[in-house]
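Note sheet for the following structure.
Letters A, B, C and D name the chains as they come in the text, with residue numbers starting at 1 for each one.
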Amino acid sequence: MAAPQQKLEADGEKQNDGYTTDTESLVHSSDPLHPANHISDLCRRFYSLGWVTGTGGGVSIRHGNHIFLAPSGVQKEMMQPTDMFVMDFHTREYLRRPRALKPSACTPLFMAAYTHRHAGCCIHTHSQWAVLITLICEAGLQNSAERNVFAIKEIEQIKGISRGGSGSDEIAEGGRKVGNLGYYDTMKIPIIENTAHEEDLKGALERAIEEWPEACAVLVRRHGVYVWGKDVAQAKTQAESLDYSFQLAVEMHKMGMKWV
Amino acid sequence: MAAPQQKLEADGEKQNDGYTTDTESLVHSSDPLHPANHISDLCRRFYSLGWVTGTGGGVSIRHGNHIFLAPSGVQKEMMQPTDMFVMDFHTREYLRRPRALKPSACTPLFMAAYTHRHAGCCIHTHSQWAVLITLICEAGLQNSAERNVFAIKEIEQIKGISRGGSGSDEIAEGGRKVGNLGYYDTMKIPIIENTAHEEDLKGALERAIEEWPEACAVLVRRHGVYVWGKDVAQAKTQAESLDYSFQLAVEMHKMGMKWV
Amino acid sequence: MAAPQQKLEADGEKQNDGYTTDTESLVHSSDPLHPANHISDLCRRFYSLGWVTGTGGGVSIRHGNHIFLAPSGVQKEMMQPTDMFVMDFHTREYLRRPRALKPSACTPLFMAAYTHRHAGCCIHTHSQWAVLITLICEAGLQNSAERNVFAIKEIEQIKGISRGGSGSDEIAEGGRKVGNLGYYDTMKIPIIENTAHEEDLKGALERAIEEWPEACAVLVRRHGVYVWGKDVAQAKTQAESLDYSFQLAVEMHKMGMKWV
Amino acid sequence: MAAPQQKLEADGEKQNDGYTTDTESLVHSSDPLHPANHISDLCRRFYSLGWVTGTGGGVSIRHGNHIFLAPSGVQKEMMQPTDMFVMDFHTREYLRRPRALKPSACTPLFMAAYTHRHAGCCIHTHSQWAVLITLICEAGLQNSAERNVFAIKEIEQIKGISRGGSGSDEIAEGGRKVGNLGYYDTMKIPIIENTAHEEDLKGALERAIEEWPEACAVLVRRHGVYVWGKDVAQAKTQAESLDYSFQLAVEMHKMGMKWV
């Protein structure tokens, strides 16, 4: 029978690096918000949004010193908790690695957000709206002087974006999000050039994170976007608000409107 | 573990304003049409339509003198009945306020429709079609003289809109909706300018409601739309018919067609 | 409580025209393909396709001499078997009419297809693609000489359309549909002008049916499309193939391509 | 009652070619990955993606010497395991043919991929993005010299495509897919002309497969695309990555951008 994805169910018990440990307990929980379950659920949701088609994109959650990572090459809408890799935040060693699977090429990029932005969750999408934004900027069609940054202002939805991505999203009485961008702020998302191999994006992504302390995301030319948040809710809702702004900006561009 | 949204399950029993009351009974019901359940269901539906992405938008139902309100900052597709705020229509005091949540910034805007239009349900969306309509009007691309109103006629779907939004939608024998717009009427929806803070829209929204007695909704520039109805069915179906007309009008505009 | 749609559950037993009969048995069945169940299911599916938003559109099935009709004003995605009207094909009298509901304005239009094309199922959608096609034709943007017909050829999907709509869709060995349009045929769908009241479309629709014996549908300007088939499967799949051709034709038009 | 699709449940037991065999066991299994179940599941998924509307398109899985094929004329979202045809790979004779159904016209085309590319799964979609790509190429709008091939490069998602379609998709440490296209490779998909009858595509499709050894798919002008993989996962994810590239390329074209 055509086997869509080879998986060994009990593949965590004995690692090829020699040590034996009960790594299954890292991904088995009846709590739907346990990171292994939560990532599987998010993958299904993001697939239905068109963000992770064809095994593209990635999702990761930090839980204490454990970094949970969806693997490479698995269809996102079929992701299972037992597919998860678990890495120690400090040693960068895998505490659990499913034998039949390979770690995601996004891993070093997610680690950059965990390290430099104290993120609790990272999301990488191949959303076509993100890619189209990078193409419009590349061609200088909106602003011939700024090809390496997407900037938009006076759009209500950007108020859903916290400064730096993992900043406070405290809500004051009346619903105002005090740590977020305001309506008259300009949201700026840096764009880095794509590389032949995803792991080679690490340097440019880290530099972008340093140079743009207010950005909640980094766009990658002709590729997609990396977005993070202090927890899953913030990362996911920011990914949604960003994607909304990308889509709106593409439609504005088609009608000859300026973003700023 | 990354907690997506902090919620205290038993958060209604003791309010920080000191009074103790069994406010839980306000939101617990096995009836799917109870306002607390109904709002949760509507939020899920509107999320799937792309109207309330990234915690944007809002939904409210009036039930007698109780105003039920979805809170601020909660992902709409995960809304639970216990997340609801309940306000007394006359005193404007909260009869129930979940301790870990904040009231929606839409609250004073919804109250305007309840007060001035005798609405039974209010819906606020961030639909991109609504935002694009306000941008086309802002730029004067359809009618350079009327930048503060969206007008369209001779589209069958506008027959789904009642005069004033909460007027009679009585259906005569043969299916004719006698209190609704007719095919040869021009549907006009006023557009108000956005403000830095949502609650500051109240004055302009109330003026628009007064000045446009036949309008069933108010568009907010670069933000979205507020729509209401005498009950949930009317508010929801009008929100759908409006969004249909916005989308169609954007497509018409792209092909060089005039709305009126 | 805000009641979205008033329905009387036992509303068929006593009609206001005085006769009493067990009309409930007409709509109660455990068979999912019973017309009352089938229409409810189709309404839900068509809502998710965007064809019947805001209570727009309609669906009907003929079962022997019984014509089953979805009512006016009910949200399609919430349609229940008990909402159905049942009409006698020959006498045109209602065998069942839910007391709290009104018959659909589409009824005389559906009867035209049952009478003149021996249809077994009729579908009316407000699909935006259908409306946009009628607008492109109205403006003469594709063919300035033919504003009252949509014509397209050399698109594989039109092979899913039977001649006349309710003709044979027999499939020969190898998968060829012998009674359907061929790839090199030109599919032509007449367009009639909309009227203030839906029932007034009847004359023009009947004339279009007579004048275009090969057409499986009639487009209504700025309104939508009526499509039929000898049974539900044929009507539904033709509605899908037509909508596909409308959408593709709009996209072709945007890119400056000719339909024929 | 309007019967949407006539099916005889026990239709495999006695074939009209005279031999009697327990062919039902070929399609009955509780394993969701059994080809008969798997194809039904894929058909439902592809319907929701808009790839197989109106009974268009097709899906097939090879399991050893058994070729499982979805039938002609059945609504894809309602496909059942008992609807499947089963053919012997070597003799090309049907081991099972549901009496009330007809084999798919795609059958000889799928056999070409099984034979010439050692595929384990073939997918045929009528995706509008695929059709639009063939129309843009036909009109020479991107490259007036190359009307019979779709070419695109420097788009991250093409890294989801294996060379030849059924080549190795081995993933190296770090997530790099070693047998797949690289970011700087140009993905080329040949386009063949459509014919009046689907089975007549066979010669041109086989020639395209021979002439383009690196292609994982063949586009058919004004019709759709045939894509394959060594197993279901590879065929499905490549179909997704291809469709993504088609959609992105159409949007790029609308904004005046070049694909290569």
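In this text, a contact is a pair of C-beta atoms (placed from the backbone, for glycine too) under 8 Å apart; a residue touches a chain by one contact, two chains touch by 3 or more.
For clarity, every value in this text was computed on a predicted model and none was experimentally measured.
**Q** Would you kindly give the rotation angle relating chain C to chain D, two copies of one sequence, based on a CA superposition and rounded to a multiple of 5 degrees?
**A** Rotation angle, to the nearest 5: 90 degrees.
**Q** Going by C-alpha centroids, which chain is farthest from chain C? Tell me that one.
**A** Farthest by centroid: A.
**Q** Have a look at where chain A meets chain B and say same if over half of the interface residue numbers show up on both copies, different if under half do.
**A** Here the answer is different, because the shared fraction of interface numbers falls below one half.
**Q** Averaging over Cα atoms per chain, report the distance between chain B and chain C in Å.
**A** 31
**Q** Rounded to the nearest whole Å, what is the centre-to-centre distance of chain B and chain D, using the mean of the C-alpha atoms as each centre?
**A** 44
**Q** Could you tell me which residues belong to chain B and also touch two or more other chains?
**A** Each of 254 in chain B touches at least two other chains.
**Q** What residues of chain A sit close enough to touch chain D in their complex?
**A** Listed in rising order, the residues of chain A that touch chain D are 1-5, 53-56, 72-73, 75, 102-107, 126, 128, 131-132, 135-136, 139, 141, 194-199, 220, 222-224, 250, 253-254.
**Q** For a test of understanding, state which residues of chain B touch chain C in their complex under the given definition.
**A** Residues in contact with chain C: 31, 33-35, 38, 61-63, 120-121, 154-157, 160, 169, 171-177, 182-184, 231-233, 236-238, 240-241, 243-244, 247-248, 251-252, 254-255, 257.
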